[in-house]
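Lettered A, B and C in written order, each chain numbered from 1.
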C-alpha cells in the first residue's frame, strides 16, 4: 500500500472537511467506549487481569525465541508446516508458493492486519490468484480498493449509502440487480455471494490473534464466522501471524481472551474463538488437508530491547483508537499507514520510518486516554514522546519549531531575562486586547488565532505584583 | 545463506542482549508450559453447579442464543421438531454422525428428515453435540472429530446444540482440563470452537446485524443427565 | 487560633501561564492556602516546569529547566501548583527525565512526592473546605487530562465547589474528554484542535451551565478563546478563583473593567 503518513496534516484537513467521515468517526465515542466501560465494570477482576496480561506479555517477549521454537515443534508434530519470514517480501513469497502448490485460483481471506501490512492481496492478484476478503468490512473496502480505517472495524468510514452503491455496482454480475438500502438486506446479499466463494476457494488465509506454544495451535477471534468458513472449507489453511503473537499455554490465552473482546467491543467474548491445530486428522470428514503457519518478523524483533518494546504487547483490540479524540476527529486514513490511532502513532514511525511518520507521534495532546484503556497497559504517550525526542535530536523536527523551543528555553533558564520579557509581553498583549479582552489575530501564534481568540492577559505578571507587595509589606 | 529462521531467532537474542537461553532457563520455561497453571480466574463462577447452569443459560440468552431445558435425552427429537416448526423451517436437519445422537429416539419424530455428515452449502439446520458449556460467559465449546465435523457449526443458518447438564462447567480453564483429559496434554482436536451466541456484524455504520456468515440462530438444548446433581 | 507549629510550609509554583496571563489565579491560590493554614513562599527563581520543551522532544533543555526548578523548590514541605499538568510534570516526569542520573535522583524523588495540584492539596492534605464563599450560578467543571489521569484529581475540586454557597454543579457529557489544548499541539495541529475543542464546547453548552471552571489555565484559555470566537457567552474561570471568592473577576477573554 502507498504510505501517506508524511501528508498527515493534509489528510486530516481532508477528513475534517468530509461530512461522511465526520459522521462515522464521531459516532465511535457513543459506541465502543461505552460498551467497554460497561464490560469492564461488570468484571471486578478486570484491572488485575490487565496487570497480569502486561506482565505475561513481558515474560513472553523476554523469552520470545524459546516460545517460537516450542510452537514450531508442536506445529510440526501435528503435521503442519512453519514458514519463518524476516521480511514482508519473504512472507509474500511464502504464501504465494503455498498457493501455487495448491494450484489455487481463488483464496478466501479472514481479517488479518499482518496481511494488510505486507500488501498480500496485491501480490496474489499480480500473480493471477484472486484474493477474496470475507470479513464484511474487509469485503466492502476491498470492493472500494481501500484499506482499513480501524483495526477491528475496517469499513468504519463507509456510509450505508456508499455500501449500497458498492454492492449495487459489484453484485450485478452475480444476478443481484436491485440497489439495497436496508443493512440487514445488504448483509444477506454479501452472505449469499461469499458462501459460494468459501466453497470454491482453494486456499483459506487467516491471521492469528494468538499462537499457542503448548499445542501448536493458531487462534482467531471473530464475530461473523467468516474466518471459520475460510479456514475449514478449502483444502489448505494458511495462518499468517507476526512473531509476537505466541503465548505459552491455553491458560495464558485465557487471560488475554478475557481482556480482548471486552476492550475491543465490550463483549465478554467475541462470538467465535477458534483454535486450529494442524491439518484435518485421519478420520475427519471436513477441515483442511494442509496447514501452514507463516511467521512474520518484519521489524518486530528490532523493537526488543528498545524503549519501545512495550508496543509488542499489543493485542490489536482497537481500544486506544476508540478512545482517542484525535482519531475521532481525523479518522483512520489520515494516519497514512495500516495502523491508525495511538497504536499507529507509536508504531508506524518504526515500521515506515520516523521521517515519513514524524507527524503521527507529534499529533497528540498526551491526553492519556489510550494508555488508560489499553488492556496490556502500553504506555503509548510515553512512546510517542520517545519518538519526539528522537525527531528533535535527528533534526527531523522542523527548524522553526526547534528554534522556537530553543529560544523559549533560553529565557526560561534565565529568570533575570525572563521577568522583563514576560512583563513586556503581558503589557503589550493587554494593550492589544483592548477593551474586548481578546486578541483576534497574533501573527506569532497564528495556529492559535486561526481558530480561536486569544484571551488577553490581565496586564501585569504575577511575579512583578508579588514582588511589589512583598516590598510594600516590609 | 542464513535462513530466515536463524536470522529471526538471532535478532531476537541479540536485541534482548543474550545468546540462546541456558539449559536451566529453558527447562524452567518447559516446566511452565507443562504445568500450565491458570492465571487469575474471575470469581464469577465460584457458585453451585445448579447456579452455574442458570448462569450459563442467562449469559447465552444475553448473547442472543435461545435455550430450552429438557429433562431427558428422550425429549430431544420432539424439541428439535418443535423448534423447526416454531421458526417455520423445513423439517430437515443435518446431524453430526455421532453415536450418542444416533441413539436418540428419532422414531418419535418420523416427519424429521435427518441426514448425517459434514455440512454443505444447502444445509439449513444442523444438530450437533457439544464438548462443554462455559458458564462464565455462556460460551459453547465444540471439538471437531470424525463424528463432529466443524462445518456444521458454521454453514447452516440455524445451529441446534445438544448440551448435557454435566457438560456445563465454570470457566475456560475447566474446559482445558477436560480437553487434556480426553486428548492428552499438548494436544487439541483439529478445530476447537468456542462459540458465544449467533453470528453477527456491525460493519455497516456500526449497526448490529445478526447472521453475518455463521448461523443466524443458535439454539441450545440443555438436557438433564444423571451425572450431575 | 492557628498554631504556627501546625502550619504547612508551602512553596507556590505559579506556572508560566498564570504568571503571564492570569495572575489572579495565583492570588486566589495564595488566599486559599492561607485559609488552609499554610505558610506560603513564592520562590523567586521559578519560571516554568519545562513541559513545553519536554513534549517537543527537547530533552536537554527540559533537563536544564528541571534542574533549576529542583534547586528553587528545595526545602519546603510541599510544592503546590494551580495546575494539574505542571504538577504532573514535576511529580511524574522529572523522574523519567533523570532516570539515568543517580546524582540528582534523590532530590527528584523528594520533590516529586511533595508536589501537589492545588485542589487536591487543599482537599486531601489540608482537609480544607471553603466557608462563606458565594457563587450563585450554575457551573460545569472540566477535568484537565493531566489532573484527571496523571494526578488522579477528580472528586476533590467537585467536593470543594459543592461547599460554595449558591453554586450548582452540572456535569457535562464526556467530561473526561480532552479539550484539544495539548500545549504546542493546538498551534501545530490547529484544525484538529479546533474540532476537539468544538466537541468539548458543545458538551459544555449542553450542560446548561453559565460558568465553566477548570484547574488548568491552558485548557481554560483554549476553551475560552474558542467560545469567544464562536460568540458564546459562557463565563470561564479558574476553579481557584471561584473557591477564593474571586468569582466576580472578569472571566477569561472578557472585557476588563
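Operating definition for what follows: a contact is a pair of C-beta atoms (placed from the backbone, for glycine too) under 8 Å apart; a residue touches a chain by one contact, two chains touch by 3 or more.
Treat the numbers as computed from the prediction; the structure is a model and nothing was measured.
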How would one label the connectivity among the chains shown: line, ring, star, complete, or other? line
Chain whose Cα mean lies nearest the overall Cα mean: A
Which chain's centre, taken as the mean of its Cα atoms, is farthest from the centre of subunit C? B
Nearest whole angstrom, what separates the Cα centre of subunit B from the Cα centre of subunit C? 53
Taking each chain's mean CA coordinate, subunit A and subunit B are separated, in whole Å, by 29
Take the average of all CA coordinates in subunit A, do the same for subunit C, and state the distance between these two points in whole angstrom. 33
Using the touch definition from the top, list the residues of subunit C that touch subunit A in their complex. 14, 16, 18-24, 26-27, 42, 44-48, 50, 52-59, 61-62, 64-65, 68, 96, 145-146, 149-150, 174, 176-178, 180-197, 199, 221-222, 224-226, 228-229, 236, 250, 252-256
Inside the complex, what are the residues of subunit A that reach subunit C? 9, 12-13, 16, 26, 29, 325-326, 328-330, 362-369, 371-372, 382, 385, 387-393, 397, 401-402, 405-406, 408-409, 411-413, 415, 418, 422, 425-426, 433, 435-438, 445-448, 450-463, 465-467
Which part of subunit B faces subunit A closely enough to touch in the complex? 3-5, 7-9, 11-13, 15-17, 20-21, 25-26, 29-30, 32-33, 36-44, 59, 63, 97, 117-119, 121, 136-137, 139, 144-146, 149-151, 153-155, 171-173, 176, 179, 186-207, 209, 211-215
Which residues of subunit A touch subunit B in their complex? 24, 27-28, 31, 43-45, 48-49, 52, 56, 62-70, 74, 78, 84-86, 90, 134-137, 140, 153-156, 158-160, 163, 183-184, 186-188, 191, 194-196, 199, 213-215, 217, 223-226, 228-229, 231-233, 243, 248-252, 254-255, 257-258, 265, 267-281, 283-287, 295, 297, 301-306
